[in-house]
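In what follows, chain A forms one complex with chain B and a second complex with chain C.
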Partner chain A sequence: MKVDLHPKESLLFNAFLLVFIIHSVQVGVGIIGLPRIVFLNAKHDAWIAVFLAGVFTAVILWFMIMMLKQYDSADLYGIHADVFGKWLGNFLSFVYMLYLTACFSVIILNYIEIVQVWIFPNLPTWQLALVLILLAVYAVHGGIRVIVGVSFLSATGTLWLLLVLCIPLRYTDITHMFPIMNVDIKHMIKGIKSVTLSILGFELLMFVYPFVKEKRRALFYVQLGNLFTTLAFTLITLISIVFFAEDTLSKVIWPVISMLKIVRLPNLERFEFLAVSFWMLVILPNICLYLWAASKGFSRIIKRTQKMGIWIIAMIAFGASFFIKARYQMNFFTDMISKAGFYAAYCYPVILSIIVYLKKWLSRRKQSHAEPS
Partner chain B sequence: MFKWLAGKKSTEGSKPHSLMIDELKEQIKSQLNVGEDLTFRTLKRDGDKLVFSYMSSLIDTTALDEFIITPIQENTHTKWTCEAIAQILPIANLSAQNQLDKVVEGINVGKVYIYIEGQPYGILGDVSKTVERGVEKAETESLVYGPKIAFTESLIGNMNILRHNIKDINLCMEDLTVGTRTKTKAKLVYIKDIADEENVNVFREKISQLEIDYVAGTTVLGQLIENNSWTVFPQLVTTELPDRVTIALMHGKVVVLMDRSPDVLYGPSPFFSFFESTEDVYMRWNMGLALRFLRLLAAFLSVLLTPAYVAVLTFHYEVIPSPLLVSLGQSRANVPFPPMFEALLLEFFIELLREAGARLPTKVGQTMGIVGGIVIGQAAVNAGFTSNILIIIIALSALGSFTTPSYIMGTAIRMIRFPIILLAGFWGGIGIMIAFCFFIIHLLKLDTLGGSYLSPVYPLRWKDLGYSFFRVPTQYLSKRPLTNHPIDAQRFSVQKAKKKDVDE
Partner chain C sequence: MPNHPKWQMLVMLFSCVIFISGCVERKQLEKLGLSTAVGYDLEKENHIRGTVVVHKFDPLAKNMTRIITSVANTSNTLRQKQNLETDQELVSGQLRCVIYSKELAERGIIQLADALNRDPTIGNTVYLTVTDTKASSIIKMEKENLKVDLGTYLYNLIKQNVENEQLLSPTLHEFNHAYDDHGKDPVLPILKLKKGNVILSGMALFQDDRAVAELKGDKLFYLKILSDKFKSGTHEIGFKRSRFKRIIRNEQGHRFRTVYNEFYINIDNIRSNTKIKLVDKKNLHFKVEIKLESRLLEATEILDLSTPANIKFIEKIVNKEMEKEIKNLLIFFQENRVDPVGFGNKYIANNRGKMLSKKEWRDKYKDATFEVHVNNTIIKTGVTD
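What follows is the complex of A and B.
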C-alpha cells in the first residue's frame, strides 16, 4: 500500500474549509446532552471543564498535525502501514475502521432516540435509520468534495441556532455559576473526560488531511475550527447552568432541547420540534464523514472499491439499528463508544505521533551517519 | 503513400453532372423529390442554351428577376460563358460548381444554379429568402426596465443583435452544426480574452460529439450536453434576452446560438444564476438587492410552506400558538380529509389552472385563470374540500414559484414540492428535513460544465457573492466572477474608482 495518498488536483479543497469540517464534525448529537453530563461531575463549574476540554483538544490537534506533517500527504491508513508494517498496520487500520463504523451508527441511533423521545414515540428505529443511512450513502458517493460541501453548508446553516439560545438568556440567574472554581481537581478531570463524546470527531482530520490544498496552513484553520467549537460548547453549557436551577440540570437528559422549549414566536411555539428536526442537518456531516473515512479503508487496505465499502458499512449500521431497543442498551453503547473515542481520538494520536517522530528522527540519524562514510 | 486512395475516396461520393441540359434536369429531379417546387427556366440565344434551376419556395423571386435574369437578358453582347456571366451578375454570393451533389445541396438551401450547355461548370448564386418574424418584445421573460428586444428564430438576426451589443473585436463566433440529418447551424460565441478556454472546449467538444438526427432547439441542446440528465434542476440557462446574454458574455460565460431557435443557451450557470434577473442590474443596487432576496425567499417559502402546513396539521399541533390554532381548527372543521390529501388536491388544482392557462389562447386563458381561481377556490372551501388557510398558503407558494426569472427553474421548484408534501405527510418535520438534506446533497453533487453548481456559496467565493447572491454597488465589482474562471478578470481599475479624501 502506498503511504502517501496523492489525490487529483480537482479533489483538493481549500485549507480554510477545515474550519467548517472540524467544527461541524465536532458538533453532533453529543452537545444536546452535554451540559448535564458535565454538570454531574463538575457541578456549576462545568463550563470551565468544557473549555478546558477544548484546550486539551487543541493540544491533541497540534500533535496530529505535527504527525501528518512528517509525511507528504498521508492519511492514518498510510501512516499505519508505514510505521507498523503491513500486518500490524493493517490490523490497527481495521480496528480504527471498526471504531469509525461504530461512531457512524451510534450517531444515527442517538439522533433517532431523540426523535423518538421528542416527536415520534412510535417511529420504528429501522425506518429512520434506513433513510439516514441512505442519505449518507448518497452523499459519500459524491466523494470528498460533496462531503466537505455538506459540512460547510451544515456549519453555516445552523449558526442561527446559537442565536436562538439568547432567548433563554432572559430567564437566567447569574448566581448559579458562583462560586467559580470551587470544584476539586478530581471532579474537574472527570468532567473534562465526560466532554469526550461531544467534542469527538476531530480525529477525522487524519483522514481528510491529504485532500487539503495548502497543507502549511492546516494547523491554523484546524485550531480555529476547534476554537469555535469550544467557545460554542462553553457558551451553551454556561447558559444551561445559569438557566436551570441547581438540581434540575442533573434531571433533564437533553437540557439544550429543554431550554429551546420556551422559545416562542408569534406564529410558532414549542420550538424544540423545529430544533429536533433541524438537528438532522447538524448530524448529516458527521455521519457522512464517518462513513467516508471508514469506507476509505476498503480502497486503502483491502484494495477493493470504496463503493463496496460504503454499502458494507451501511449494511452493518442498518443491522445494528435492530439490536438497540431500550434506553439502557443505548446508554451502554454510547458509553462504550465514548470510552473508545477517548482512546482512539485522544490517546492514540499522541502515542502514534511520538512513534512517528521517533521513527523519522532515527531514520534521519541513520542517514546522516551514512552520509560521511 | 495513400494519397491516390484518399483522392479516389473523396471523388467517389460526388461526380460532375451531365453537360446536357436535359440530362442535368433529370439528374437534379431524381436527387430532389420535391415535385413542382423545383423550377427550371431556360433561355436560348444563338443556339446557346442556358438554364436556371431553383426551388421556387426558397428563393426571393424579385431578386432572381432583377439581379440574375435581367442582367443576362440585357447584356446581349456578352458571350455566354461561365466567366462572362459571372462578371455581369450583381450578386455578392457566387460560386462555380460542377459536382452534382454540391449543386443539389445548393439548390436545397435556396440558391439558383445557372448552367450554360456545354460549359465545364455552372454558377451557384444565392438569392435565398427565409421566412422569419420581426423582432418583438420578450414574451417569456417580461421586464419593467431595460431593453425590450428579444431574440428571434433567425441565427443571422440574433448574431446581428449580439454584434451590435458588443463591438469588441475579440468576440468570437465559431461555426458548429447540430443534428446529423437536419444540419442546423449553430454558433459558439465567447469573448476570446475573457472566457475560460476550458469552458469553450467543453461546449465545443460536447456539441460536436453529439450524434443525433435532430435537435429541436437550444433548450433541448442544453439537456443533451449537461452532465446530469436525471435531475429536475437545469444546469444551463436559456434566455431570450440579448442584454442578459451580453452581460453573461462580459462576465466570461460561453454562449451557444442555434438557427431556428429563439432561445440562447449559456453556461456555466450555477444554481443561483437562475434567480438573477437583468432587472436587478438596471435597478439601483439597494432595490436590486431587496428584490433578489425577495425572490430567493419566495422560492424557499414556495417549497416549504405547503409541506410545513401538512407537517404541522398532521403531527405537530403543539407548534401553533393557541389563538391561531382556534382559527385553524375552525377552518379545518368541515374538511373530512387528512391534510396531506387536502394539500395535494389543491396543489394539483393550481397546477391544472396554470397548465390550462398556458395552453389556452391568451385572452381566454387569463379570464379562466382568474375566474377559475376565485370561483372554484371559494367553492372548494364552501363544499368542505379544503380550508381557507390552505388556499392562502397554496396561493402564496404558487406566487412564490412564479417570481423566479427562469421559467424552467420555477417549474422545477413547483415539481419538487410534491415529494416533500408526501414526506411531510408521512414523517412531519423529520420528513421535510430529510427532503431538505437530500436536496442539499443533490445540489452539491450537480455540476455545470464541470464547475460547482452551488458556486459561489460552495466553494465560497466572497467576491462573487456580490454578483449572484447579493447585489452590491458597482465600484465593488471590479473583478469578473471567479466562477467563470475569466482570463482577464479586471473589469475596471479599482484605483480610479477609489473615493477621494475630504477636500482633495
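What follows is the complex of A and C.
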C-alpha cells in the first residue's frame, strides 16, 4: 500500500475551506446536550471547562498537523502502514474504521432520538435512519468536493441559529455565573473530558489532509475553525448556565432545544420545531465525512472500491438502528463512543505523532550516518 | 441517460422521500380540539379534577369552545378521560394558561408543573396562575361577554398586565427557574371572579411549590421594584397632610376645599434600577439600593413645585416612605419564610465552596438583615410647574 495519497488536481480543495470542514464537523448532535453534561461535572464553571477543552483541542490539532507534515501527502491509513508495517498497521486502520463507523451511526441515532422526543413520538427509528443514511450515501458518492460543499453550506447556513440565542438572554439571571472558578481541579478536568463527544470530529483532519491544495496554510485555517467552534460552544454553555436554574440544567437532556422553547415568533408558535428540523443540516456534513473517511479505508487497506465500502457501512449503521430503543441504551452507546473518541481523537494522535517524529528522526540520523561512509 | 447509476440513485431517493413522508402521523386541524386553558382542583384525597377549555376549528359550529371536566389521579389520565367526551382529538400544543385552585396550591403543585415540563408539546411560555376559588368555577364563568375563548382571554389579561409592568411575568419557565434555584421562590398571580368576570387580584407567594402567602395591591409594586426593573411604572403614595404643609400652595382669593383628608401623590414614568449587595457575609446583612427616576403627575393638593428645594423636599419624603414600605415588605417575606426576590442567589453567588441547598438557605434566611436606600429623583412635573 502506498503511504502517500496523490489525488488528482481536480479533487483538491482550497485550504481556507478547512475552516468550514473543521467547524461543521465539530458542531453536531453533541452541542445540544453539551451544557448539561459539562454542568454535571464542572457546575456553573462549565463554560470555562468548555473553553479549556477548545484550547486543548487546538493543541491536539497542532500535533496532528505536525505529524501530517512529516509526510508529503499522507492520510492516517498511510501513516499506519508506514509506521507499523502491513499487519499491525492495517489492524489499527481497521480499528479506526470501526470507530468512524460507530461515530457515523451514533450521530444518526442521537439525532433521530431528538426528532422522536420533540416532534414525532411515534416515528419508527428505521424510517428516518434510512432517509439520513441514503442522503449521506448519495453525498459521499459525489466525492470529497461535494462533501466539502455540504459542510460549507451547513456552516454558513446555520450561523443565524446563534443569533436566535439572543432571545433566551432576556430571561437570564446573571448571579448563576458567580463565584467564578469555584469548582476544584478534579471536577474541572472531568468537565473538560465530558466535552469530548461534542467537540469531536476534528480527527477527520487526518483523512482529508491529502486533499488540501495549499498544505502549508492548513494549520492556520484548522485553528481558525476550531477557534470559532470553541467560542460558539462557550457562548452556548454560558447562556444555558444563566438561563436555567441550577436544578433544571442538571435535569434537561437537551438544554439547547429547551432553551429555544422560549422563542416565539408571531406566525410560528414553537421555534424548537424549526431548530430540530434545521439541525439535520448541521449533522449532515458530520455523517457525510464520517462515512467518507470510514469507506476510504476500503480502497486504502483492502483494495476494494470505496463505493462498496460506503454501502457496507451504510448497511451496518442501518442495522444498528434496530437495536437501540430506550433512552438508557442510547446513553450507554453514546458514552461508549465518547470514551472511545477521547482515546481515538485526543490521545492517539499525540502518541502517533511522537512515534512518527521519532521514526523520521531516526531514519534521518541513519541517513546522515550512512552518507559519509 | 436514465440508466446511469446517479439517476437510479436520484429516483430512489426521491421515491423514499415521497413515500416515507406519508408515514408520518398526520394531524388535521379540523379533527383536533385545542385545549387553551386547563384548571386543576383538588377533588378529594388522591384525586384531582381537571377542567379544560377546548377550542374547535369547525366552520359549522356556532359555539367555538367547549368545556370538559373529569376526575383522575394524574394529569395525563385526565386528558385521556376528557378525550372520551369529545369527537375531536385533544391536543395541548396551544395551551395558554393553567389554573390551580387554592387548595391545590397550598398542598404543592410541582408534580403538575413537572408534567407540563416533560411534555415537549407544551410551550415554555404557558402562564401559570392560582385562583382563590375553584379553578373549575373560573373556567365555567359566563362566556356571553367573551369574544375569544377563555384561554386566550386569560393569556391576554396576564400578558397585557405584564407588559404594563403591573405584574411579574408568571410563565412556566419563570416558575421553573425560581423553583429550581436554590435561593429564590416562585410567585404566581391570583385570579378572582368579580361579577362574572375574571380579574387579577394579587400575587401568591410560594415556598418551594406551596402557596403560603398573598400579596395585594400596593405591595406588588414594591415586589416588582425589588426583583425586576421598571421602565415606566406608576405608583401612588399616601401621606398625612401635615407633612406637606410647607409646600402646599395657598391659593389667595380662591376658596379651596378638598375631598380628601389625607394627601396622595402619584408618580409615573418610573424607571427603576435595583442593586442588592451582600455587605456582611457572616451576619447576612444585605444592602438594597434603589434608584428611581420619575415624573410627578398628580397630587391631591396643589403643590408649589417652582423651586428646587421644594422638589427635593418631596423626594425626601417619598424616599422615606418607600424605604419604610420596602422594609416592611422584606420583613413580611421573612416572616413567611419566602424569598421571591432572590436574596439567596445573591448570597450563593458571593460564597465560595459548597453550594447551599434550598433548606440550608431557608434556615439562614430568617436571620438576614436588610438595609434599604431609596433614591428617587423627580425629573419632570408635567407641563406645569
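Note that the second predicted complex is superposed on the first by the 373 of 373 C-alpha atoms of A that agree within 3 Å, B and C clash if a C-alpha of one lies under 4 Å from a C-alpha of the other, contacts with A are read in each partner's own complex, and residues count from 1 in each chain.
Note that in this section a contact is a pair of C-beta atoms (placed from the backbone, for glycine too) under 8 Å apart; a residue touches a chain by one contact, two chains touch by 3 or more.
Source: prediction; values computed, not measured.
Q: So, A:175: does it touch chain B (first), chain C (second), both, or neither?
A: The answer is second: A:175 touches chain C but not chain B.
Q: With both complexes superposed on chain A, which partner does A:262 reach: first (chain B), second (chain C), both or neither?
A: second
Q: Considering only touches as defined above, state whether A:14 meets chain B (first), chain C (second), both or neither.
A: In the superposition, A:14 touches chain B alone.
Q: Taking the superposition on A as described, I'd like to know which of chain B and chain C A:135 touches: first, second, both or neither.
A: In the superposition, A:135 contacts both chain B and chain C.
Q: So in the superposed three-chain picture, is A:53 touching just chain B, just chain C, both, or none of them (first/second/both/neither)?
A: neither
Q: Taking the superposition as given, does A:278 touch the first partner, chain B, the second, chain C, both, or neither?
A: After superposition on chain A, A:278 lies in contact with chain B alone.
Q: Have a look at where A:120 lands relative to chain B and chain C in the superposition and call it first, second, both or neither.
A: both
Q: Could you tell me if A:270 is touching chain B, chain C, both of them or neither one (first, second, both, neither)?
A: Both chain B and chain C are touched by A:270.
Q: Would you mind listing the overlap between the chain B footprint and the chain C footprint on chain A?
A: On chain A, the overlap between the chain B and chain C contacts is residues 120, 123, 131, 135, 138, 264, 269-270.
Q: Please name which positions on chain A make contact with chain B in the complex.
A: By the definition above, chain A touches chain B via 13-14, 17, 115, 119-120, 123, 128, 131, 135, 138-139, 142, 145-146, 149-150, 152-153, 264, 266-270, 273-274, 276-278, 280-281, 284.
Q: Over in the complex, which chain A residues touch chain C? Could you list them?
A: 43, 117-118, 120, 122-123, 127, 130-131, 134-135, 138, 141, 171, 173, 175-179, 182, 244-248, 251, 258, 261-262, 264, 269-270
Q: Would you tell me which residues of chain B are touching chain A in their complex?
A: 315-316, 318-321, 324, 427-430, 432-434, 436-438, 440-442, 444-445, 452, 454, 457-460
Q: In their complex, what parts of chain C are in touch with chain A?
A: Touch residues, chain C against chain A: 6, 9-10, 12-13, 16-17, 20, 23-25, 93-94, 120, 123-125, 173-174, 176-182, 184, 342, 345-346, 348-353, 355.
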